[in-house]
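Okay, got some structures for you below.
You will see two complexes here that share chain A, one where it goes with chain B and one where it goes with chain C.
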Partner chain A sequence: MRFSYIVPRKKTVLSSEVILLLTFFSITFLMLFFTYVFILFKDYQFTSTKKELAIKKEQLNKNIDSMKSKILFIEKQQALSERIYTKNIVLKDSIKNMFDLVPDRIVLSQVHLLENGLIFYGVTPTKDVYNFMLNAPLKSIFHRTYTSFYPTKGGWLNFVSKNYIDVDLIESANEEDVDDES
Partner chain B sequence: MGVKLNIAKYFEFLYNKVFVNIVSTRTTSTVYMEMINSKGVVISSVDKHFKTLELDSKMKDFIEQYTQETPFYYISTIDSSPLQWATSEVKNVNKDKNSLVRCYENSWSYNIANNSMEEIIERYKDIGLDFLFSPFSLLAYFFKEKIDGDLAMYVLVTEDYLTLTIFENSKLLYSKQIETESNNKDYELHHLELDLSTDEDEEDGFADIEDIVDIDEETEESIDLDDFGDIEDLDALEDIEEFSDDKVEEKVKSDEKISDFDTDYRRFTLLQESINNYYQDSKYKSDFIETIYIADSVGVSGDLKKYFEEELFLDVYVRQLDLAYEICDMAKMELK
Partner chain C sequence: MMKVSITRPYVYLLILSVVLFISVLIIAFALLIPKGKDYRLDKASLRGIKIEQNRVQVFNDKTYKNLKNLQSKNRAIITAFSTKFNAKRFEKQNSKFFEKFVLGEKQVVTNEYESFDVYEVNASSKIDSPKSFYNFLEAINKGDWIVSVEFPIIFKREAKLIHSSFKIKVYSNSKNKIINKELNSTK
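Here is the complex of A and B:
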């Protein structure tokens, strides 16, 4: 039932002080909320970045391992090449020395280089020339030397000289040297 | 906005409600304050009289002292201006742009002039108004169990005005808002004298009517004593037996009775004129009125009843009414 000419004013529990207080708390709450959301976002961002970095790290580790293996392989190759190079140099020097050993009067037709030995094929005017001028140095170098001759049509002698170094003897000699030094 | 309203409704149960009810005469205001809890039980009530019509700082401070306790406070007043009326029409009542209309149970309507309402709203603009009641609706609400009966006249008697209605089976036949002659300049002068002699407003319970009577008594007493002072100038009072103290007191009481007699007779005369208008005007059915119900907010004397009974042969029923309390009751009804 309406008796009054006018309608009552809208009543609110929010006085100006309460509105001020609520505004303050709302702003504070919103700031906290946005900070929380920002932290959550950053946390998510960091987590995803961390995962990406972990994957990258794993990939890099794999790459490093691969590189390491490659480096190792290359180092081995390098060492092998160096060894081969050294061996070749040594061989070259040995061959040079070997050819220096050969006197002018003896003509070599073939030379077989073995791992522990050397085989000469050639022509000598005489056995003596061979024995004195080539066989003597060969004997001083190799442990065992076997030579066979057979005559040619021109009166010279073809020869085959097989020379071997006993590795066991060298190793034992080296061991003895080490023992002596110690 | 809806959400805000719902929040207010939700919180309404947590707060007490304060009803501030202001009843103004031409020179005084009575503020009746009632605080109820969420269950509708009255926690406290207080009223205070202010010797001003306008909302002064004292009255404002007194009201704000209570309204600051809760956001759910309702300020109500009643329109005592003569620029209001009631009609039996309920259709096309909104056509008048110069007045505001309300329908009472869709059977009759009561109006207030816009400028009168604006004046009241302006008067209380510092504290605001929630309810503005019409004396017609108050009268109908006060006699709600009677107006649906046979033809009878219903009168609201206040200090400043008389509100007269004639109802038959809840149908409004006649209405009039009458200013009483007690609002003349002499009356205001008496109150002005009283204001000058009284420093503080008084605060009490439901003693408004008694206070008003007391004020009248004091006023009359001061006039009588002044009158005797004039006589004293002419003759030696102590030598005259008729003007001893006992005689003066008897004279004061006698004058009080004369004053009440005058006021009530004035009211009777005004009401009698209105009844004659009702009988004589051809637009009214003019059935014979047998009963008159008087809502008495000022404490009328038995003389008024006697006048109606002896001169108009009416059955008179006088029911005491506290205007501020009734306004409070209506404000509560509005919120239900």
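Here is the complex of A and C:
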């Protein structure tokens, strides 16, 4: 009978080569899996960031619209107030000019300042004084001037002077100026 | 001829290697590469969105700064438009310019300007010289309300004084506008 001195190696399903191969591929699969999970996570992160940014952008746009309307309103207030302030100052200057216009020799009893006109009630020593000292400047300012006189007991003359500016005439003159310039 | 002999376990090993390799290829091409492409595109689009967001944010900050500037520059005007007209206070503030100053009833409202309510008040006063009236016209521009003096203005001599009667218009924010509420809330 012959005997062998070689110990037979154990036979297993997973040989060392197979284990090596499986280890290599397991590592490869794990790497692929982790890469895939990483990409999925990033994808989720991007989506949520995009949503957050979209909401934030919408809020910002709303905020901008609201601020713009506030700015517009303040600008309207500013424009209107400036117009009113200017109007008051112009009015002050007009009244001042009007009183400066009246000579010392003529005494006014009533003044009506109208939108496009001016009415004086007063007394003058003579018609000439009135015509030279008040009527002449009034005629240069107003388009239409009507005056009526009636005597007082003291020998002076009461007068009523009605003076009007024709806005239509001014507008048409302005239009002509514009036409000439163009 | 040389004979190559491959044992059966090696054939199995080879087949397993090929199968696993093909699986790796399939996973890579079917899943990872398309997802990776999407990832790159998403990253680029997010960068674009962030740039746009930044632009909107900068514009928002600029508009806010602009608004705050306007509000601080025009604080007096904004307050004047939103202050309710008080005839007694107006009389008290301006009585120093007149010997006598009386305001009539407040009459609503001409719809002269969109977004603003306009009230008309008749006023009658007595002054000792026209200078008082000029001072009054200067003072109302610095007052608590936006007020304009309207035609007709009538001056009448009464002994040593001048009786004047005129109409004033008071401008305030329209109550119908929602924007006014917002405006007041941001002051």
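Everything that follows uses one rule, which is that the second predicted complex is superposed on the first by the 111 of 182 C-alpha atoms of A that agree within 3 Å, B and C clash if a C-alpha of one lies under 4 Å from a C-alpha of the other, contacts with A are read in each partner's own complex, and residues count from 1 in each chain.
Basically, a contact is a pair of C-beta atoms (placed from the backbone, for glycine too) under 8 Å apart; a residue touches a chain by one contact, two chains touch by 3 or more.
Model, not experiment: these values are computed from the prediction.
In the superposed pair of complexes, A:L53 makes contact with chain C only, with no contact to chain B.
In the superposition on chain A, contact of A:Q78 is made with chain C only, not with chain B. In the superposed model, A:V13 lies in contact with chain B only, and not with chain C. By the touch criterion defined above, A:A173 lies against neither chain B nor chain C after alignment on the C-alpha atoms of chain A.
Of the two partner chains placed by the overlay, only chain C lies in contact with A:D43; chain B stays clear of it. Judged by the touch definition given at the top, the superposed model places A:A136 against neither chain B nor chain C.
When the shared chain is aligned, chain C comes close enough to touch A:K70, but chain B does not.
In the overlay built on the shared chain, the residue A:Y5 is in contact with chain B alone; chain C does not reach it.
Number of chain A residues touched is higher for C, counting chain B against chain C.
Where the contact sets of chain A with chain B and with chain C meet, they give residues 15. Those residues of chain B whose C-beta lies close enough to touch chain A in the complex are 4-5, 7-8, 11-12, 15, 71-74, 76, 79, 100, 102, 104-105, 112, 117, 121, 128-134, 137-138, 141, 330-331, 333-335. The touching residues of chain A, when paired with chain B in their complex, are 1-6, 8-15. Residues 9-10, 13, 16-17, 20, 23-24, 27-28, 31-32, 35-36, 38-39, 42-43, 45-46, 49-50, 52-53, 56-57, 59-60, 63-64, 66-67, 70-71, 74, 77-78, 80-81, 113, 115-116, 130, 133-134, 137-138, 140-141, 146-149, 151-157, 171, 173, 179-180, 182-183, 186 of chain C are the ones that touch chain A when the two sit in their complex. Per the touch definition, chain A reaches chain C in the complex via residues 15, 17-18, 21, 25, 28-29, 32, 35-36, 39-40, 42-43, 46-47, 49-50, 53-54, 56-57, 60-61, 63-64, 66-71, 73-78, 80-81, 84-85, 87-89, 91-92, 95-96, 99, 108-115.
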